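In what follows, subunit A forms one complex with subunit B and a second complex with subunit C.
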Partner chain A sequence: MKPAAFDYVRVRSVREAVDLLAAKDDAKILAGGQSLTPMLNLRLARSQLLIDIKRAEGLRSLAADDSVVAIGVGWTHAEIEDGVFEDPTRGLMRHVARGIAYRAVRNRGTIGGSLAHADPAADWVSTMAVLGATLVCEGAGGKRRHVAADSFLQGAFLTQLASDEVLVAVEVPRLSAQARWGYYKICRKAGEFAHALGAVIHDPARNICRIVVGATDGPPKLLPGTAAALAADPMSEALDGLDQEIIAALPEHEPAARRLHATAVRRAIAAMSTRMDH
Partner chain B sequence: MSGSSVNGEGIGARALRKEDARHLHGRGQFVGDLAMAGLQDVAFLRSPVAHAVILSRSKPSRSDGAIFFHDDLTGALPIVTRSSIPGYKVSDYPVLARERVRFVGEPVAMCVAASRALAEDLTETIDVQYDELPAIMSCDSGRAAGAALLHPQWGDNLFLETSFDSGLDPAVADAPIKVELDISTARQTMHPLEGKGVVAHWDHRAAQLVVHTSTQVPHLIRAGLAECLGLPQAMVRIIAPDVGGGFGYKCLLQPEEVAVAWLALSYKTPFRWIEDRREHLVAGANARQHQYHIKAYADQQGRLLGMDAEVSVDVGAYSVWPFTACLEAAQAGGNLPGPYHLTAYRVQTYSVATNKPPFAPYRGVARPGVCFAMEQVIDAIAKAVGREAWEVRAENLVPGSAMPYTNITNKHYDSGDYPAALLSAKEMIGLDAFRAGARRDARGRYLGIGFASYTEQSAHGTKVFAAWGLPFVPGYDQAFVKLTPDGALEVRSGIHTIGQGLETTLAQVACEVTGVPLRDIRVTLGDTATTPFSTGAYASRGIVMAGGAVGRAGEVVASRIKAIAAHLLQVAPDAVTFRDGRIYAGNASLSYADVGRAWYFRPEQLPEDVDRGGLEATEGYKPDVDGGLFSYASHAVQVAVDAETGLVEILDYVIVEDCGRMVNPMIVEGQTYGGAAQGVGTALFEESPYDANGQPLASTLIDYLLPGPVELPKFRIAHRETLSPYTKFGIKGVGEGGAIAPPAAIINAINDALAPLHAQVRDAPASPKRVLAAIEAAKGHVGALAGADA
Partner chain C sequence: MATLSLSINGRSVTAEVEPRTHLADFLRSDQHLTGTHLGCEQGVCGACTVLIDGKPQRACLTFAIDCDGADVRSIEGFENDLLMNELRAAFSKFHALQCGFCTPGMLASARDIVSRLGEVSEKRIRLELSGNICRCTGYVGIVEAIRSVSLGKAPESFAVAAAATRLERLGADVVIRSTETAPTSQLGRSKGEGGSLEERIVINAPPEEVWGALSDLRRVAPCVPGAEITEIDGELIKGRVKMALGPIKPSFRGEARVSLNPAAREGKMTGLGRDKGTGSSAEGEASWRVIEGPANGSVVVVSMNWRLTGMLSQFNRSSIVRDVVRGLATAFAANLEAMLKGDAPPPSEPESLNVLQLIWSMIRQRLFGRS
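Entry: the complex of A and B
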């Protein structure tokens, strides 16, 4: 379980990374390395060149205004968990970070690395989708492209990132003080990737209610029908249309898997709160 | 109970472990820590297919000395495990595959390079062409007519078939209660923290092949390795350094071990192979997979009248050395009646060859499976007669008044009060209060309590192993004890410590009989060059056998210390006593160094009739009755089952155990915690599935789930201490017991919880998938019972 030989470059800038990506066919970006390095060790992933962006300028940035906080992709799960910077989502992001894998993984793994790796069961994939976040990708010549997080994944481990683009930031909309959120994932053991995941935010002040079912076989799916029902009757936990909407959203899944996903969503809704620790 | 202990640190003391300081500071020395000039790493190319004929194999030119196939290993013989059991079929387990491969992961070629990464690169330069054969992936398909044969010369796929019948028919002809169950346990791997590892080199001065290997049984490996390499045993030295867990896996002579030793023998330079976790998951340490079909008969009270069982064990492609492919099924058939009084029993066992890695004895050896099956039978009978499961258990357990008791399969239960342990467990878990309370918790989860009782045959020796027909039969374990000139004590034993604390407990035994303070006792283990013979650490035998031997040798040395001390103090030897780390006669006293100095350096002070053996002795020991000592326990567990997710949470877990005299209760508890944690793994998490073509589906710890601290309950342990009448100090073994009962207790608790839903889970692990499937199936079956609490 040792990787095949590869070259390693620690870049100082995103531009340098983009140039290397463009020059080498199978170059890969290395951020925290918590998914990529095990796959390299197993020789399931191979690369002639690893481009380490951990120290690249500008990737541990924060840019906030009244409505959005742009979070550089280099922040680790542990830093988010620890509240090293202000959580624009009123505790949702800290809650999610705390539940990712194990602390040792969180110490190195980064939010951007997780999103770009695009494991459907990864927490940030569903979290950014439910938040309606925007992902910022930088390509040749410093050209930046904005992609909605809920359409970033094209499939499992497949994203909209072009082969010479680097994910550089996540623009997370602020939740208002009245916003409630719920997040529930079903795992057999602590630290395991989720088998089913439900995430919900309801922010009446911003007229937003979004529900996501995640940890599917592919991209997280929005459940707009159930969200509309919830927005219309915020106290309702009896969401009659949920099962039907899940069936429509996950047509390829086995009935047992659909029931599990419906349970995750139902419990995320039931857990909705304005508090962090729930 | 315990408590008597010399200096407060002899037998019975909760002494802190002597080995902990180095381990807690990360200063242990494991095989992987060894450094040697010129050390080269080994990687194996392993079969990607489950069953195939090898059509061709080729390696790049100029790779001689770097890449090896079967025919390159001149002089290395296959691992062949014979057994004297009639009908047993022998498998040749080649060190590297010869004309066939029989499981995914079987070593096909060996590659050597300056680093493991480079050695793995070499594996990618090899071309092997396979002609695939149908893969046998279950006991049923292995036994089916016309099945592809793993070992064509056998004529079938059965390593062994056994049967036992006490005369069942009359007893059950008109039994009022009959239950019939199909039960299975999943294939598992063992996962000691440290995997297998080997570093071999040639010692030019000693003219010896020196093999550092992570093993539980250094003296056995010496014999097995010498045989495979065609060497005299004197030319082989085995050193087991710190070993990070074994659980049975490290009792085996592994093909990789032979291959790496062959390299060192052939090239006279050092070589290393360190098993990685993927190799462990795919190619190593398979265990636990049993299948049961049981019919049990009882009276209206739930008293067992008879039992008829068929047991199949999926033992993989080859027989392991030295325990054979049949130990598991033999143990399963013999131990199925468990702690119960059973008068009519019929059992048929099948050890089926399949295209999976060889099956190895894993902590508990067959008993987690038989306990899982038998305890479900007891609960099924209880349900059928409408009684609490613990009541039916108590009705059937061998009572204390019957001890010693010989059961229907001729197992001799030496001592104990099985029902008393069960009743304690029932009180501790609070069954009565639980029954009076709600069946569901605030989150809507279903609550249940389950019980399991078992016996743990420990330190089974000559009689048992001779009957199993194994290649070796353990007899006397030997130990060496020596008082040094400065009054310290050296203890040497050929057993090995693999985490079970023998450096401490053997020192406590030596302290008990010699009075030498624990801090002055040094225990040396695991090196065939420096320790007397022992077959090693397995079968919960360490403290019984090595402890007995250290006790014997210690007593001999103690009597010689007394003789010299008596002469120095001018008293009779029987006036001499050991106390507070000194040697007393009345108020006069000597230090141990005074006696040591007299023997070694001041012989003019010695009595004329001094024993010329001096202050050292090697003694052998085995129990008076060598068929095994029976520890026992009852476990009780409360679980919550989430009927929507299938997740099971353990809310409370109690263990009432009796392993005879406890040398160190803290170590008994540690052993019990660790075993029980592995039992939880069997019950709820661990599973090595394969697809129909024999591809393993769990090749990393992402897919093979081990329980972690968060998933484990706080096990509450209570001790009983019934001495064995047959052993020195009344000790029994306890290393395996913790792992035996959890699958049974937990499945019974789950089924108790799911009773309102009429759902029953019969197979381990009780994964969410299985729990949800059982609930769904019950919806189908009891649709007519709509309105029930579902």
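Entry: the complex of A and C
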């Protein structure tokens, strides 16, 4: 199918995009467009105006200090996969990027577009949640808000972005040299949307152990109980409480779906134990 | 229409395009370069893969207007490309094509695999090719052809390292961490392809009063979120239901039939609607039963059952469908509860708000004696 007619504006600055968002109903930000365009082609979405921020100033920025790397939203999955800039997560981000859809999609799709689109099955949604990253949103007058990535999604395709805000950067905390991570997603076919996803980070030097179950019907969920058990005994494979915690975290999911999610988390933890150094 | 200037296969092109025209249609219909094939138009099949600024990308997921200033190379543009010539010969030798529909995209991806990765294993080729679907030849010949060309080759260097600047912070940033999520239901879980939910609402009014309020379908129907009623004729309601889920905003137009059983204090509504925009249909059933609750109160048991067909369900993402269903059911239950408790209705579309408010004041006055 072909998209319904829309207007297209290419903006040079975030401010211009914010002004257009505020002025027009039913306008949508276009970054790489690799999630939005299928919806437009299928006419599931019918936006009146696409605001192309691909060439807006500052969205391919990169800034870092000792604890955080701030990544502009315009970097593509393929650029992250190729290690075009330093990966502060000891290989987790490169690993995740490589598993997103297909190379032809990764060459155009952006990290920020994926987060703002807020598909529950999107890799960056769960990855940024498990990393404890912070998302920087810019609104009217250049006012910036910092939102914790683990509470950015409110539901499928619903985020904390206000209607006149643009996601501009992702602040990713650095993992220490002792950090280990595991990431596992269950897909029917390589590159397809995940049916279940598990992500885990254990960074004893920073006293951080976080586990996320993702590709749910809504926001990714942290599993603090299982994470605490893992931190207390990193070699533990038992994780007896995981199934119960998944049931509590995903009360509306079918038992079969919960089993799939528990499996993804177990495999993410197992991948971490066997791969001491990434 | 907008003006577009780009390079196609080394040739400068200036053209007028509609913003909605994607690059594949522009190449095929406007430039008569029909070697770029269109299969799925949603980024899955890979038949439309072309090189944009040297990188393989989906021509169906790229708007032509977005290629202003770009260097586009379609399958017609590899005449003098050494690597592509090798791949072409190998595709013939290893019988890597029959009908040829997937071949232009396969070759674009194959060229990227060899130039980016150099000599590459069969396993990696299969992984890298997962975004190109062949429906007749099968992948054995394609994979062998790519592998044979890759033998002994080194990857071309491509990644230019980007350096970070010093992160500047303007004072201490306050990080917003909200535990608040969108109103999801505390309801039963969804089943099958559609959804089914059950909710129990406790009301501080005797069952007969609650039933009295519920037995008038003028009061019940507006509890369906985003609903706008255009006609009520006996048990038949006509109207539409609007929803919004991110960029997806279907508006289902249709009709519903309501039947009531006063003796059992049970009501049932079945409806069928169609959204022209997404070419989807929704059908569903909502039923409610009023039973005695604690302290002379009532419990209203609401159950809903919904099924979506058409584009919305064919999008192949059950979570989207479930979320639509859940959003509807949650809001219906909340509206019903608000109506029965006499609270103000939740914000709604202006046009449906009028219907709601009208009925609202009636109910509040009659049932709860408030105004």
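Observations on the model:
Everything below uses one rule, namely that the second predicted complex is superposed on the first by the 272 of 278 C-alpha atoms of A that agree within 3 Å, B and C clash if a C-alpha of one lies under 4 Å from a C-alpha of the other, contacts with A are read in each partner's own complex, and residues count from 1 in each chain.
Going forward, a residue touches a chain if its C-beta (ideal position, glycine included) is under 8 Å from a C-beta of that chain, and two chains touch if they have at least 3 such contacts.
Fair warning: this is a prediction, and the values are worked out from it, not measured in the lab.
When the two complexes are overlaid on their common chain A, residue A:214 makes contact with neither subunit B nor subunit C. The larger set of touched subunit A residues comes from C, when the choice is between subunit B and subunit C. Judged by the touch definition given at the top, the superposed model places A:83 against subunit C, while subunit B stays out of reach.
Shared-chain residue A:139: touches no atom of subunit B or subunit C. Once the two complexes are overlaid on the shared chain, A:1 sits against subunit B and subunit C alike. In the overlay built on the shared chain, the residue A:173 is in contact with neither subunit B nor subunit C. In the superposition on chain A, A:43 makes contact with both subunit B and subunit C.
Using the contact criterion defined above for the overlaid structures, shared-chain residue A:263 touches subunit B, although it does not reach subunit C.
By the touch criterion defined above, A:188 reaches subunit B but does not reach subunit C.
Of the two partner chains placed by superposition, only subunit C is touched by A:253; subunit B is not. The contact surfaces that subunit B and subunit C form on subunit A in the two complexes overlap at residues 1-5, 38, 42-43, 189-191, 193. Touching subunit C in their complex are the following residues of subunit A: 1-8, 10, 28, 30, 33-34, 36-47, 50, 52, 54, 61-65, 68-70, 78-79, 82-86, 101-105, 107-108, 117-118, 120-121, 134, 145-148, 150-151, 153-158, 160, 189-191, 193, 216-219, 251-254. Against subunit B, the residues of subunit A that register as touching in their complex are 1-5, 38, 42-43, 186, 188-193, 195, 256, 259-260, 263.
Every residue of subunit C that touches subunit A in the complex is listed here, in rising order: 2, 18-20, 22, 25, 41-43, 46, 49, 52, 55-58, 60-63, 65-66, 68, 108-109, 112, 127-128, 130-132, 158-169, 173-182, 184-185, 187-191, 245-250, 277-279, 311-312, 315-317, 319-320, 322-323, 326-327.
Across the interface of their complex, subunit A is touched by residues 115-117, 120-121, 124, 276-279, 644-645, 647, 685, 700, 702, 705, 707-708, 710-711, 767-769, 772-773, 776 of subunit B.
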